[in-house]
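Multiple structures follow.
In what comes next, subunit A is part of two complexes: it sits with subunit B in the first one and with subunit C in the second one.
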Partner chain A sequence: MLRVAGRRAVWALPLLLTIIVVMFCLLRAIPGDPVQAMVGDFPVPPAYRALIEEKYHLNDPLPTQIVTYLGNIVSGDFGYSYQNQRPVIGLILERAPRTILLASASFAIAIPLGLLLGVLAGTARRPLADKLLTTSALIAYAIPTFWLGQLLVIVFALQLGWLPTQGIGPMISRAHGFAWILERLRYLALPALAFAIHEGMRIARISRASVIDTLGQGYIVTARAKGLTRGAIIRRHILRNASLPVVTIAGYAFGHALGGAVLLETVFAWPGVGLLLVDSIRLRDNMTVIGIVIVSAIAVVVMNLVVDVVYALLDPRIRTAR
Partner chain B sequence: MPTSCILRPTRRALLAGAALLAMPGLALAQQTPVKGGTVIAALASTTIPNLNTQLTSATPALIVADVWADGLMTYDRDGKRIPRLATSWEISPDGKTYTFHIREGVKWSDGQPFTAGDVAFTLNAFGKFNTYLTKMMPFVESATAPDDKTFVLQLKQPLTATLDLFDKEVFPLMPRHIYEGKDVATHPANRAPVGLGPFKFESWENGRSITFVRNPNYWQAPKPYLDSVIFALVPNNQQALNAMANGEVQWFRPEVVQVPATLQAAKKGNFHVVEIRNNAPETAVVDINLRRAPFDNVKVRQALFHAIDRQRIVKDVYQGLADTAKNAIPVQFTALHDPALSYDTLFAYDPALAGRLLDEAGFPLKDGKRFSLELTTISASPYDAIGQVVQAQWKAIGIEVKLTTLDNQLWVDKVYNKHDFDASIISLTGRSNPVLGVDRSFVCNQGNVPYANPTGYCNPEFDKAAADAASAPLDKQKALYRAYADIVARDLNQLALTNAKAFEAVSNNFMNLDAQFNVAFNTHPNWAEAWLPKDKQ
Partner chain C sequence: MGERRVAPAAFRGARLRAFASTRHGMIGAVILALLAAIAIAAPLIAPYGPLQQTSASLAPPSAAFPLGTDNIGRDILSLIIYGSRASLLIGIGTALAALLIGGAVGILAGFHEGVVESLLMRVVELFQTLPAIVLVLCAIALFGSGFWILIGVVALAIWPLQARLIYGQFVRLRGREFVAAARVAGLSSAHIMLREILPNAMQPIIVQVALDASIAILIEAGLGFLGLSDPSMVSWGRLLYVAQDHMGDAWWMSLFPGAAICVTVVGFNLLADGLNEVIDPRGAAGGLP
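And then the complex of A and B:
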């Protein structure tokens, strides 16, 4: 397994290098003026423009910028955010735990929810029940998360007043211990639910197909012939086998989410990596954009590695093959 | 009689006294203020590069600066100058020497003494970086502090707008002991400021909030009464409205187009909407690219203006919460605006006349079409909505309009850097004097300076008129600004559409709101006046 991890890491290096070069070229190609973004909608005084451009090397030739960046990144320097006036890595590390929390909470709901619906649909005895579940899942999956998020805000925050509209916690809190956790959960509920519904429906569709596929396998017929109950067959044979593609999909989606749930974080003013990315693009804070893209790429690579490990744990055939 | 307006759901009908009496802050204004409590104010921006408004004109930073910074003077809601850190000032008869008498015994938020030396330092160190001072700085001979309580500005030639350039919004004072000898443009204090305002910087949670606490050294003790001001950073104004409606914040500044929805939300929520007296203009305009045919023909520009029903924009886009712009000098500049020159009559909505003008210009209707143009704007409210109205109205006289709505940065690049547009919509803040915000639309701009005349209009006659008006004595300025407006009305590089009102939404829990909202268009509550009863803290 270590060898696989090492091989993956080595493959990831040229990938990251390519990402950095492509990002630099793309960001240079996109029109934008970070100094104007700092000053607002009045003309930038020439003295201020000259000073900022010199300070942050904004006018250095592209190859110089790339070479300098690559040199710095080796020593863990991801550049300096001129719109936040601090090193990019510190900024990402401050935001990342919030994104990880949102992604983890969402997948903690999405995976069991998706598996449950998938198994129910896949093993449904009546075709109508299967169609109903599948269609519902498809409709829910088709709803864009940002729109679903807004609907949840309107219903649960603005109409019913049960939950806050946005943020990660109250601006003033006197809660401690368990009360503090409950308070935070109130803020986490809507964005996590919106994310979980979307991802859960995707998992439901994959797991249903996988369950149906597994049901046709010979060992299921054998299990039935042995007289195992329906519940036992689902638990011992179907669920475990059907969960393999789910691990792939969920792992990839989770890795992607760690790079920032861009739209959801914006809708819920969730100050994670996704919201930082949106602001950084708007303000042409290019070092931060590149830093986030690199972290996202690393997250995807790491999650793929984790998926491989989980795969091997779930399926002895893979362990033996390797 | 107080003149700030409290908008209730019936809106314009209730602007008068009855609504004012319904304002809790007014009804109990005579009670003794008590200390304590916090205001949570929503800011529609989650990343603010810089809090030092010597270096930025971005609205979120300006809103925050009202809390921590102060200046020599400010304006009340009637546009009257109010002394702040300058107790008085004198102007020499030749208009070239300004002497400010500085308030004594004042301390910075870190406890260091404030003197006239700080004022001189602020101008000398930040003047060249301050966007509003670019017109004045070339005229500055010297800025000195002969003693701790006197600041003297010596100009090479008169500039009548000079006093307006020392408004606290435009020229917030900076501490010499923090910045001297350092790189002022990138100094850490720009994000953790030391100031003279009622609150002092406490903390900044990236992407989430900025907290200020009571400044124990505030020069207007015992104010402020509140313990702290927290700015909740939210991605946009709709979320600020949601937070207000749900009681998560106690103040936000709605966009004009949001006001009806905010009033609707106020029906159920514990807040109301205040109209800020508009002593400075926010004017929506169409810039026309004179570099391109047929827009270099003034008859075409006149036709385009006649073809726009500006009342329709007021009604449909601004829900009636704006007025049509009257001429180049906005009506808010009461001492400079001449109502005899009015676009309402000069360029009244008249599609038939617009058609005739285009015929005369050599663009008769052929197969229902005269020519095509690209109208570009930022993809945001209210610009996109204005764009759609203008598109429809120009189409009605046979002009095929391609409406391009873009990300802010892409739009800036297209219009101001590449000049790749036929017509462009934007709304510009005029601030308190033509020198500060109006001149930039008409004065020759040969370079690629964003938010400054992108039309290619370069008229030495106009530039001289603007310079003459800016340096004339106060009693001569009105006639000169009339000449200025006449040239613009004749040459029409820009079509002025509307002049929007400004609003803020605030919780009913606060007391003394009438004094708190005695602010000018460009200022916001500094929260030094408002207080919270003990049971609301």
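And then the complex of A and C:
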């Protein structure tokens, strides 16, 4: 049981180590002064320069530098952001919950929406209905999320004035309890919706394919032959079997959510990790950039492991496989 | 040898007709042909130059400016026409670069069972760990964003898709009789990989090239939107970057460049769909028994 997941976990560690080493080598490959590459376009006082050179063993051979850097990362030291005057890890930990909130809200909309559309399209008796749903999924998937975000802001925030244009909450809030949650939800609504439409269409495409695949199985014909209604077949057989690939895709997509968040957080000035990454790139704050990349790699690897375990628990064939 | 598909002309004609009969594929092909024509003929059809500023800044759509103007008085329609060049070049260039990298890795991994195979596929997995846009952003942060760097960097982020596909094709085909026959005939490994197996694996690979182009266009647009693409080129993403500051007073600055991205990406996706249908007509099934 869970052997597959176990094997993946064993591979996850060298994978992460490789990414960290590659990232450090990239940082060192920036032409010019390594200390400057670490702190960005800022004048570096000599005392600070000596400190960095000593901390990262910049005057020692590259292998020593790599080992030192790996040691730092393992002990949770991702370096210091000169621009923010704070340790990188503190910055990331402060921002991460906001990105996770945005991604969770989006997937809470996207998964049911995608499954519904996928099942509707896959089981549609008239080809026209299927065509319509597939084509709209195709178009929706081609819409850049950040453009969709801009359009939502223009229509719902600027023209109609129903929702705030950007940010995570008002500058000053006197709301408490339930009113506070409602107030926050108003800020969350548009970015989460833009994200959810994109991810939902991905899930719709996967679940449609999966439904069609399930329909070809013998047990569906059997169920039909023994007189089960259409609704019962969809509920009992199709939905359950078709949701397996959806779990996988949604899980992987959640791990990769930072990709979408980078763009959407910029549209909505949502102060998460994505916006931190963009700001750090603009400020040439390379230590923060690399810290975010490493943390997001860890997030993806952990999420993939979770998906493997959940998948193994859901699918009896994998659960018992050796 | 064996099932090599260097088809006679009549057979190829049949495939072309089959493609033409898929409505998706034809719409996609027409969209892309039009876009290519616009990109090539940009100086002839654009009413204004890409850098030409008029006195009308933030003017709404009108007869003089069909899609309005931007904050410094440039005609949005002309900018979109010129911007098609960046999107198409980067989309197609990246897809081809990804085909080269993914092809090399996929072919080597798929042909050589054992150590080479697992090592190369681990490298593929390594590249797939990070979201493509994060990978690209990181590379651009460290090394800048010229036109060629952009193509290389985006290709480095998306080649694993093509590599996995080609690898899968090679694993499927490497045990076939015609490959064994080629080995017995004493043909070199390079010959077997490139002249025997590859032609039989080509069709899904072409579909993936079209999909890669659409992904690359979206990534490039994203970079432009973040203000991190090649600043010397007019690009649709960059127009949206400027539009971000004018959502309240110039909705046309957002609407039209975004629509252009959308149409192009749909075009590549429809083309891929059409090609896919010709190759694998089973995909079109549906409905409860």
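Descriptive notes on the structure:
Operating definition for what follows: the second predicted complex is superposed on the first by the 264 of 322 C-alpha atoms of A that agree within 3 Å, B and C clash if a C-alpha of one lies under 4 Å from a C-alpha of the other, contacts with A are read in each partner's own complex, and residues count from 1 in each chain.
The rule we apply is simple: contacts are C-beta pairs under 8 Å (C-beta built on N, C-alpha and C of every residue); 3 or more make two chains touch, one makes a residue touch a chain.
All figures in this text were calculated on a predicted structure; none of them were measured in a lab.
Of the two partner chains placed around the shared chain by superposition, subunit C is the only one that A:L258 touches, whereas subunit B remains out of contact. Look at A:L239: by the touch rule set out above, it reaches neither subunit B nor subunit C.
In the superposition on chain A, A:L27 makes contact with subunit C only, not with subunit B. Legend: residue contacts after superposition of the two complexes on their common chain; A:I172 is shown touching subunit B, with no touch to subunit C. When the two structures are aligned on the shared chain, A:L190 is found in touch with neither subunit B nor subunit C. Looking at the shared chain after the overlay, A:V300 reaches subunit C, while subunit B stays out of its contact range.
In the overlay built on the shared chain, the residue A:I66 is in contact with neither subunit B nor subunit C. By the touch criterion stated above, A:L215 is placed in contact with subunit C alone, subunit B being left untouched.
Looking at the shared chain after the overlay, A:L51 reaches subunit B, while subunit C stays out of its contact range. Note: residues 30, 153, 158, 165, 266-267, 278, 280, 282, 284 of subunit A belong to the subunit B contact set and to the subunit C contact set alike, using the contact criterion stated above.
If you check the complex, the residues on subunit A that touch subunit C are 11, 15, 18-19, 22-23, 26-27, 29-30, 121-125, 127, 130, 138-139, 141-144, 146-147, 150-151, 153-154, 158, 165, 212, 215-216, 220-221, 224, 230, 233, 256-260, 262-263, 266-267, 277-278, 280-282, 284, 286, 289-290, 292-293, 296-297, 300-301.
In the complex of the two chains, the subunit B residues touching subunit A come out as 38, 40, 46-47, 49-50, 55-59, 61, 128-132, 134, 183, 185-186, 188, 190-191, 205-209, 230, 232-235, 239, 242-243, 245-246, 248-249, 407-410, 412-414, 417, 428-429, 437, 440, 449-452. Listed in rising order, the residues of subunit A touching subunit B in the complex are 30-33, 36-45, 47-48, 51-52, 55, 82-85, 91, 94-95, 153, 157-158, 161, 164-168, 170-172, 266-267, 269, 271-272, 275-276, 278-280, 282-285. Taken in their complex, subunit C has these residues touching subunit A: 122, 125-126, 129-135, 137-143, 214, 218, 221-222, 225-228, 240, 243-244, 247-248, 251, 254-255, 258, 261-262, 265-266, 269-270, 273, 285-289.
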